[in-house]
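Below: a set of structures, written as structure tokens.
Heads up, the next two complexes both have subunit A, just with different partners, subunit B and then subunit C.
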Partner chain A sequence: MRIFKFFFFFLFSGIYCANARTIQVCKSCEISNLETAVELAQDGDVIRIQKGTYNINNLEINKKIRLIGEDFPILDAGFKDDGLLVTADGVEIYSIEVRNTKRGNLKDFSGIRIDGADNVIVWGVRIYNAFFGVYLSNSNNALIYGNVLVGIAPDQTSSGDGIRLWKCRNVKIIKNYVSGHRDGIYFEFAYNGEIKNNKSIKNLRYGLHFMFSDTNWFADNLFTHNGTGVAVMYSSHITMLRNGFYQNWGSASYGMLLKDIKDSRIQQNMFKMNTIALYFEGSSRVKVDSNSFMENGWALKLLSSCSQDSFLTNNFIANTFDVSTNGTLFLNYFHENYWEKYTGYDINKDKIGDVPHRPVSMYSMMVENMPFVIFFMRSFIVDLMNKAEQNIPSITPENVLDSAPRMHAFKYNASSS
Partner chain B sequence: MLKITKYVLIDILRNRILLMYAIFLLIISLSLFSLEEDPAKAVISLLSVVLIILPLVGMIFSTTYFYNAYEFLELLLAQPLKRNTILLAQYIGLSTCLVLAFLFGVGIPVLIYYPNEIGAVLVFAGVMLSLCFAAFAFLASVSTRDKARGIGLSLLFWFYLAIMYDAIVMGIMYAFSDYPLEKIVVLFAALNPIDLARITVLLKLDISAMMGYTGAIYQDFFGNWKGIVFSSLVMAIWVVLPLWLSVRIFNKKNI
Partner chain C sequence: MKKHLKLTLLSLLVSCTTGPVPIKYGKDNCELCKMTIMDNKFGSEIITDKGKVMKFDSDECMRDYYNKEKPKLGSVLVTDFNKPGTLIDGKTAYYIHSDKMKSPMGGNLGAFASKKDADEASKRFPGDIWTWEKLISQ
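And then the complex of A and B:
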């Protein structure tokens, strides 16, 4: 349904533009700068920009026009202000390169800023060295497709986000590449968003960040090497499908951090080589199924403040710690996961182990309470203690168990790459 | 000195026990690598072999050898040779054999199945532990003339370093868990060659967990080139110190 809507939208704009005027902009043309071109244009016109470098300074596009570059003309903001400012509905921006916005805290300087404009399309655009890449505020039904945003954020306090949404509905963010910003993609009060096939790599803070944004859907994205992974906070009805979370390493680094998330679904994702793959705090009714957790430090950190979360048919393979929790209260549910550390047997050959698996080891509880005992990892004494604890649980919460652990790993396809 | 070393080497290499030890290690390593799908898991199992079995066998073998070759030692002492030359020559011969057995039993399989940085660190740790525990064995052997007491003493060394030490340190940490102990832990690691070897391998192996916020301290300390120099240096001290002590005792000893 969503795809169809877009298809029509493209079709419609195509027909509309067939009757429109085209304004050529190049260095040797009649019109050699963009300000004049935008001034001359009327609703429905096309501005074609030839290859070259053009200086812009907070260029406002307040008419429904199409801004099309030929082979990526460079629009240089010269560190003075914003790049482009879109305030009219239905603007389309295609195949240009925006560079060098101002950096600073007085205003959220951005490469392309879309303010109060609906149905805007930004696609095939390159944005380099911008404070914020694309900034949408109060704008609904936008499509951000196939853009490349590369920043050179020096540190968290003096840098902006790649794609930033503030109070938006029905925005689609598809096939973008974001790196070198503070947050790759940041949603604040954004609803009904669709985030698909994006790559968010080497951002300083989060690859993806959510705040108070309900009913969003994200699938097939790749988040790697981000400072602190992905953080999803204070939202409900989030669907996360087939995303890849790789190598988010560091002392405070998470594959995905969930804080106060309700009624959401995490399905078929791949978490590999993260310090903490999935972190749950104060989240309830989240269904986590068919994910693979491989070679993480902690596959799952589930604080006692979570309830009614269910973990079904996941793979836990070669993690240092599979599950760790911080107390004895445990109101969540594990069923039919594959645990590589499972040592039970399967007499009736139904591929489900006959004795329950306790994924929380005594040592992981100790590490949770006294982090420096990580010093003893893989030492003989720890093995001894874990074995003893497995047989007679005393410190580990007794009800953290998978009553039907699988004997063999599930074969899930590796997620987006 | 070289001549004595040569005799010791030839004598031990003819010894069936060491050959069996080498083959035993080889069988363990090969079966671990072929049973586990993921070679990294085999390396984890091999790590416990290196940390527990290697010191134990190295120590028992060295102590027994020292006492069994006592007559040869007495013969040498009758010659116009310096005492420390004799002891060091014996140590070099013995430890070379242990290292060779280890390289044959573990080094070759690692080279075949897992030829990377982690494998190299594991083999390095094994070599250093072999050297170190041979030195401890010599210390135990020169301390007493009685064979049973000597073996008992070396077993005690092993038991203390492999198991007791961690339990004691864990107890201390438990008691002082309200204090920031992260940095002191590095010192504790340096005071036990087995722990030092374990940490060095783990920093490469369990890298995801070690990047966590306490692990990061070890990562910062041991992970860079300074840390590698530091841990190699401390390991070298753990070889030289017991050896030096045993030479001192041996020089004054009434045979």
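And then the complex of A and C:
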């Protein structure tokens, strides 16, 4: 009886395999356009697209199929509408190139739009000159892996995001390259996401943007030359590990901007050459440890609306201003950081300075209140005032201090540069 | 001499007017949420009685700022959803609150110049239509 069952199992699995057909699409094939191929396909089929250029116009994939390109066939949306629209669960898209979606205010035209479909995989795909690149809405458990998204936004207002999530859960975004879009990666109402090893470069607004998206994790990403850096807003339980934030210059540019963030962790990141490396507003219970802040205008701007944030074992090296704040109320905690500007001594040789360090200088308080005094930067009178203030503090908030400053810099492996 | 005085007085008058200031999309930052104002369907503006201009990326940010700070209003301006980039009087505008309206800060709000426009748009964005008084009471 058991053998009989075994036999039946093979019999039916054989039938199933035979049913999963492969549909070839090429210019000289029997099927030469994608619409027909998708229409003919059934759940479980594979559509193989040979090299060439195919016109598509909001092509809906409403069956569980695999769409596989041979050597990047070009799917041209011809500036008419969306490129592909995925509405079925478990669709896989691999090795194709989508181009030229429509732009405009009517709707969020996208290269690949995934709407209400779970377990979708998009990998090894190139998307050029799309308004939005990959747009996921109401879709869970997607994997977006190893794609290249390059937007050619004519100006800042008529550009969309590279990878956009709206009301999604458990989405993994790994090893993508995003450039020339409005926001590189944008999470809105997206939970339990994982963003790893991506490069987000030269986007017009933010390299990465979170809005109302709790419990997300992003690590080992590189964010450089973005309009205003990375923004993490109105979210809680965000883990930020080993990312690199470089070269975000501008009057209101940030390495990372935190606004109303709770219970999060920022660890082992590298902030180098940003106007404001890390900006904190209305954030509490954030642990910032083992990061390096190098050659920034402001390493840390910590507004007095923040509380219970702790800054431990970070490096502050060659920044114009290490810490600045906007009031005298200060409810945060610094401990065992390395401050290049520290001028104390270490008599008992325990590698920890014997006098506390006050990272907020008088001059940085003045600049905060009167931006135009930046004119006197590095002048003798500023040095003199800072020295006097250091010895007899009167304007700087007294409780902003690191009671155990390190004498030597920590050596962290900087993330990809 | 008299001519100079007149000119000076005139320039003083000009600099004190509280007219609308165009929003520089992609450059200006929202007063409340600090984001760069990008979407020209949703930008809005508060001008105080003394002429201080505050710009916002969305109607919800403008409303939240208004309710939080209670500024003395000179005027309030919102973007006409049908004419991106055009500012209209926020007090006489009609606001659609609809899940389909994806405004920048998740407030689901869009402004329209007239009741007719709002009614027309509510076919595409089903939801409530609010006046200014209703908006700030939310």
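By our rule, the second predicted complex is superposed on the first by the 397 of 417 C-alpha atoms of A that agree within 3 Å, B and C clash if a C-alpha of one lies under 4 Å from a C-alpha of the other, contacts with A are read in each partner's own complex, and residues count from 1 in each chain.
In the analysis below, contacts are C-beta pairs under 8 Å (C-beta built on N, C-alpha and C of every residue); 3 or more make two chains touch, one makes a residue touch a chain.
Not measured: the values here are computed from a predicted model.
A.B. asks: For A:E295, is the partner it touches subunit B (first), subunit C (second), both, or none of the two (neither)?
C.D. replies: In the superposed model, A:E295 contacts subunit B only, not subunit C.
A.B. asks: Which holds for A:K411: it touches subunit B only (first), subunit C only (second), both, or neither?
C.D. replies: neither
A.B. asks: Given the superposition on chain A, which partner contacts more residues in subunit A: subunit B or subunit C?
C.D. replies: It is B that touches the greater number of subunit A residues.
A.B. asks: Thinking of the overlay built on chain A, is A:M233 touched by subunit B (first), by subunit C (second), by both, or by neither?
C.D. replies: After superposition on chain A, A:M233 lies in contact with subunit C alone.
A.B. asks: Is A:M273 contacted by the first partner subunit B, the second partner subunit C, both or neither?
C.D. replies: first
A.B. asks: After lining up the shared chain so the two structures overlap, which partner does A:V373 touch, if you call subunit B first and subunit C second: first, second, both or neither?
C.D. replies: It touches subunit B, and subunit C stays clear.
A.B. asks: Of the partners subunit B and subunit C, which touch A:A252 in the superposed model: first, second, both, neither?
C.D. replies: In the superposition, A:A252 contacts both subunit B and subunit C.
A.B. asks: What is the contact status of A:M211 with respect to subunit B (first) and subunit C (second): first, second, both, or neither?
C.D. replies: In the superposition, A:M211 contacts subunit C only.
A.B. asks: Taking the superposition as given, does A:I381 touch the first partner, subunit B, the second, subunit C, both, or neither?
C.D. replies: In the superposed model, A:I381 contacts subunit B only, not subunit C.
A.B. asks: Looking at subunit A, which of its residues have contacts with both subunit B and subunit C?
C.D. replies: Touching subunit B in the first complex and subunit C in the second, residues 252 of subunit A appear in both lists.
A.B. asks: Where on subunit C does subunit A make contact in their complex?
C.D. replies: Subunit C residues touching subunit A: 25-26, 29, 33-36, 38-41, 84-85, 102, 105-106.
A.B. asks: Report the residues of subunit B in contact with subunit A in the complex, numbered from low to high.
C.D. replies: Within the complex, subunit B contacts subunit A at residues 38, 40-41, 44, 47-48, 51-52, 162-163, 166-167, 169-170, 173-174, 177, 181-182, 185, 188-189, 195, 198-199, 202, 206-216, 218.
A.B. asks: Would you mind writing out the residues of subunit A in touch with subunit B in their complex?
C.D. replies: Answer in residue numbers: 249-253, 273-276, 295-298, 318-321, 369-383.
A.B. asks: State the interface residues of subunit A toward subunit C in the complex, per the touch definition above.
C.D. replies: The touching residues are 105, 108, 155-157, 166, 182, 188-189, 204-205, 211-212, 227-228, 231, 233, 252, 257, 259, 281.
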